[in-house]
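We just call them A, B, C, D and E in the order they show up, numbering each chain from 1.
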């Protein structure tokens, strides 16, 4: 819809596409990252009975901007033993990977960057691209800590992709679509149509699904958490062991790009969870736009609900981060291979049996 | 509820016990509570099958629901697998899962403390799965597969206490004897498959009614039917192959209740009922005679046995003989009714005997029991109800079915003149009542023989009593018909179970099976000739009265002999010593088989061994001498001429190798370069572009 | 069984932890906006020292009590006819304090200097923020006299001394025969020792 | 000239040749593996291109899918073998591992 | 159509150039990372060929799986004391000649053959059709491949651990 409008406005499909592809970056990722960094600081502070940043702006609201200004001014240090081309390329690839994810995220019925049929699959595939960048960064840094962090990160992300995909497969098996738009439209109406509550439509299935949907949700959440290297799965950048993992050697704007990518990824995986289990951009209670007969209001409401759900899960990520200690490497792998994968498989089979009935 | 939903439900019922089995067999050792899961799966299967039976019998009562899919395509032949849901299969599945559930619950208490507790439940699950498969199948192939699975799982269950020599022997015996019957069944299935290129029941039956017969003759059909019946002989322990069943009492008692009351032995009867429509008159007559024999002989054996479970085992064979005989004389519905009623009360009897055995600390000899009525009130009452049902006393389910069978047999005899069959039937009724009450009196009434054990006897735990109560309640008439004297009044016979349409050519049937009015035989149901209907009607009341008299006199005799001691039993036994010995030693069947088949086989193999040693080895040795001489000659030839050539070739290739070893660098990549160059050269030679 | 109970238990403990942290989200924070809001300091806190030079008599007791030698005091005797003022307790001062430095880079806030002070002119204040860019800026001087006054006082004293010395020399010359020479030398030594301090 | 089947075929041919070149010239076994991956990719492009322009329907794409799966299996096995080779010979240079010659 | 052509040339150039670097660069890790770009280019070509499912599978399996595997292979089989991980080359001359002629012949064959081209509609969704084919016509192959993959992975894991 937005694309059509832009096409009419510019008269060129190239310009329309280019402008549209910048939407998520300037309208969403940057403001979101600004907000999320501030939120993380505030959440961590309040969970530790502190206040957090207070001085720049109201309750420190502009602190992140100040930090970015600081980062921009900083010297861009490249050590002599670094492998320069790869060292410079790595943050770009990491950022590109997490940015590409936003192409398929359904912000509202009216704006999905690219409304392809394989949206869900695409997101999972592209977020795997980040691994290459991380490995590149770790290797090019020519630093033991960086390399160790990168290797850990790669092993972790690749392993945790499996339960993610299996849980997504469970949902796809029921709904029969990989398109995030269709998935969201399927869960329209009220919140009891969300997949976590057994999906649309009445019937016995719906109630049988609920516990297994819940298990699926938990597995998906845990494994996506691990995919974005957040605590308690942040061993790739474990401060107490590896200094800062793969971005130990980075400073200035390159470091900022890693940072931005991390926060973009956080939102991306929260968006997957929201889209798959919590109705995507659908409102849980119906739309004001319908009530007052204002059709233009609906996309805005949808955008609001989607970001609200996404932000809620981002908040839960932060909440977890400040609750739990870090796992050991072997524990991390054990959680994935001994618990998440078998349980998600069994979950898949049971859900399949129920849906066959 | 649509038909496809019912099929799905049936599939779920089929696989639930299997899931239980798989989980129990893999985790049975590690996890203590697998039996709960096992009971739950079977319980779920029971609930679902109750639901299935209700749906089928209310909404689809006149429909046969068939679902099939192609399993393999071999050339032009495609093998179909599938499910068949008709009235008898859903009633049967209800019975099977109910008895299975009851036995599961009972076993939880009965087998407590056994070191292979988990595995026991796994086997039960496997058994239930195989039996469910037999019930639901719609073709001979699946029937055979599950038939063998039942054989296997019954082997595992009978030989469950395999440390005991007798138990493992009994398991082997059951397995091998069953195999003999199964060979016949296999041949029969092969004949049918060769003729019709399919395994499906409905296709085969419709082709038979269309006039296609094995080998083109009715005799072929008779042979095929009898061969398939062989399987039933083995599994249902009919006359020549009945020897395994009494020995199989070595298994745990709940297993006996499951295998020998409701499921495995019933499978044979179920099989005959399934193929009833393709059995010719001759085949049916033979079946009836075998049924009559197996009803009578074990009944006489049961008179003198002292092991509580053996008595019940022989009684089982005798009752199965009743059913087979009933099928043989065309009284299809009563046979099926007896199958169901017998399943309940015989399971009850077996479980009751298990309760007694446990109360007596694994004492099975009834002469050492007595007076248990006061110690085991629940067991006594339920046992009594089930015994009354078995004896055919009015107000019980057994009366309904047994009376029907006797009436059918009488009517059959009046039309064809085979009067021995009803005579056997009535005498069996007498004998049955007698030995059952002998059992009850010796066990529960008379003075305790072993005071010590009597003192320590106590009623079984609730988990064992409740199944007994359930089963004995099911042995009452009310579940089958509202009128305790007329089985036709209930929905069971009037609506649900109908004699299937006979597909055998008319000249090969019994005379009375030709329908009275042509063209009336719609709805998959035959209408026998009017004479038969009249004869059956006429035979009903006399049969009822005679069988009642027989049963009551049997009970009376039992009381005279054992309760009031009016007749000295030992003296009577002395008087008829040969008969007593014959009965006590089970008509010497085992000895006969030992002498004839086993010894015969050993003798034959001795003969073959002699033949092998003397004649074949002689020929071999002779030829060896010739070969030796010949090889001396060829050795010389070899050394001089052949080796000369070979040496030359070797020398030549050595020179060649010196040249070519330059190319062999051991690096695959160099070879690839060579390959590329050769491809390029080839491409230039043949110019594909 | 153990497998599932472990999985469920771990999830449960995570939830318990989350409950705790969530509760703390609404606990009012224990930190304060420090430069804007300051906590009231307790009584008898020990922070920066302050010397009230009006009361100081230059007795040097605080400097001697200091365990880290962070106090440096230099005094000059006033002229006999000079009025040096009085302390608040009415005691007459006799010395000009020409140097009174406290090096807070050294000070260990032990408060040992406060107790010996006879006039209670040195005491702890509640000032605790005194970070500086240069270490020398931490060396606080409490002298109230201007440098000119100091030099003047020193010259006065030197004059007085020389006068005295001259007088004494004369007296010594007069008493050279009568008085013991030893005691006169000792007197000189004493005076020079005082001067050093 | 609009982009058509031939364009894709040529791209795949060139990729294929680079793959062979890599296999033939590199000493390091991992590099040889990369060459094999290039060849598999070239084959896949052909499959998909013919599925798009030919009359095979989706069979070509399914084949490409199979090839990808095979490539995954092959890479895993090959690398496992490589690790063992490395442990045995402490090198993965294929020209130094020429026991086959003897 | 001009955009389509443009994008095609872009991706083709990306594929070929990075493939060239893959086989010529002496630093193995560089080669591996250039392989990443080759794969990305091939993904783009798949998208242009309207095979979106294959494209994404390529992304998941090659980029996410095989590439990482290769990188691990490089890193585990070389002592990474510094970033200069070199790999030697040999028999370049015969390879250049042979492969050059071979490529020439192949390209000639490709261009000179009269392929029967059907102008088919660009399909809207491929997943449904591929799924249908996989689970109907190719179901045995599909399952065998599944087993093969499983066996291969287990074997690889056990071999690598030894």
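Observations
Everything below uses one rule, namely that a contact is a pair of C-beta atoms (placed from the backbone, for glycine too) under 8 Å apart; a residue touches a chain by one contact, two chains touch by 3 or more.
Source: prediction; values computed, not measured.
Traced through touching neighbours, the fewest hops from chain A to chain D number 2.
Across the assembly, the mean Cα position most removed from that of chain D is the one of C. Two chains share more touching C-beta pairs than any other pair, namely D-E. Legend note: the chain whose CA centroid lies nearest the centroid of all displayed protein CA atoms is A. Centroids of chain B and chain D (each the mean of its C-alpha atoms) stand 58 Å apart. The distance from the centre of chain B to the centre of chain C, each centre being the mean of the chain's C-alpha atoms, comes to 109 Å.
Separation between the centroids of chain A and chain E, computed from CA atoms only, is 28 Å.
Contact of a single residue of chain E with at least two other chains is seen at positions 53, 57, 65, 72, 90-91, 95, 98-99, 102. Residue positions 669, 673, 676 of chain B each touch two or more of the other chains. Contact with two or more other chains is made by residues 20, 24-25, 95 of chain D. Listed in rising order, the residues of chain E touching chain D in the complex are 1, 4-5, 8-9, 12, 15-16, 19-20, 22-23, 28, 31-32, 35, 38-39, 42, 45-46, 48-51, 53-54, 57-58, 61-62, 65-66, 69-70, 72-74, 76-78, 87-92, 95-96, 98-99, 102-103, 106-107, 110-111, 115-118, 120, 126, 129-130, 133-134, 138, 141, 145, 148-149, 152-153, 155-157, 159-160, 162. Residue ranges on chain B touching chain E, taken from their complex, read 669-670, 673, 676-677, 679-680, 683-684, 688-689. Residue ranges of chain E in contact with chain B, taken from their complex: 90-91, 94-95, 98-99, 101-102, 105, 108-109, 112-113.
Put simply, chain D touches chain E in their complex at residues 2-11, 13-22, 24-31, 33-35, 37-38, 41, 44-45, 48-49, 51-55, 57-59, 61-62, 64-66, 68-77, 79-84, 86, 92-93, 95.
Looking at the complex, you find that chain B touches chain D at residues 664-669, 672-673, 676.
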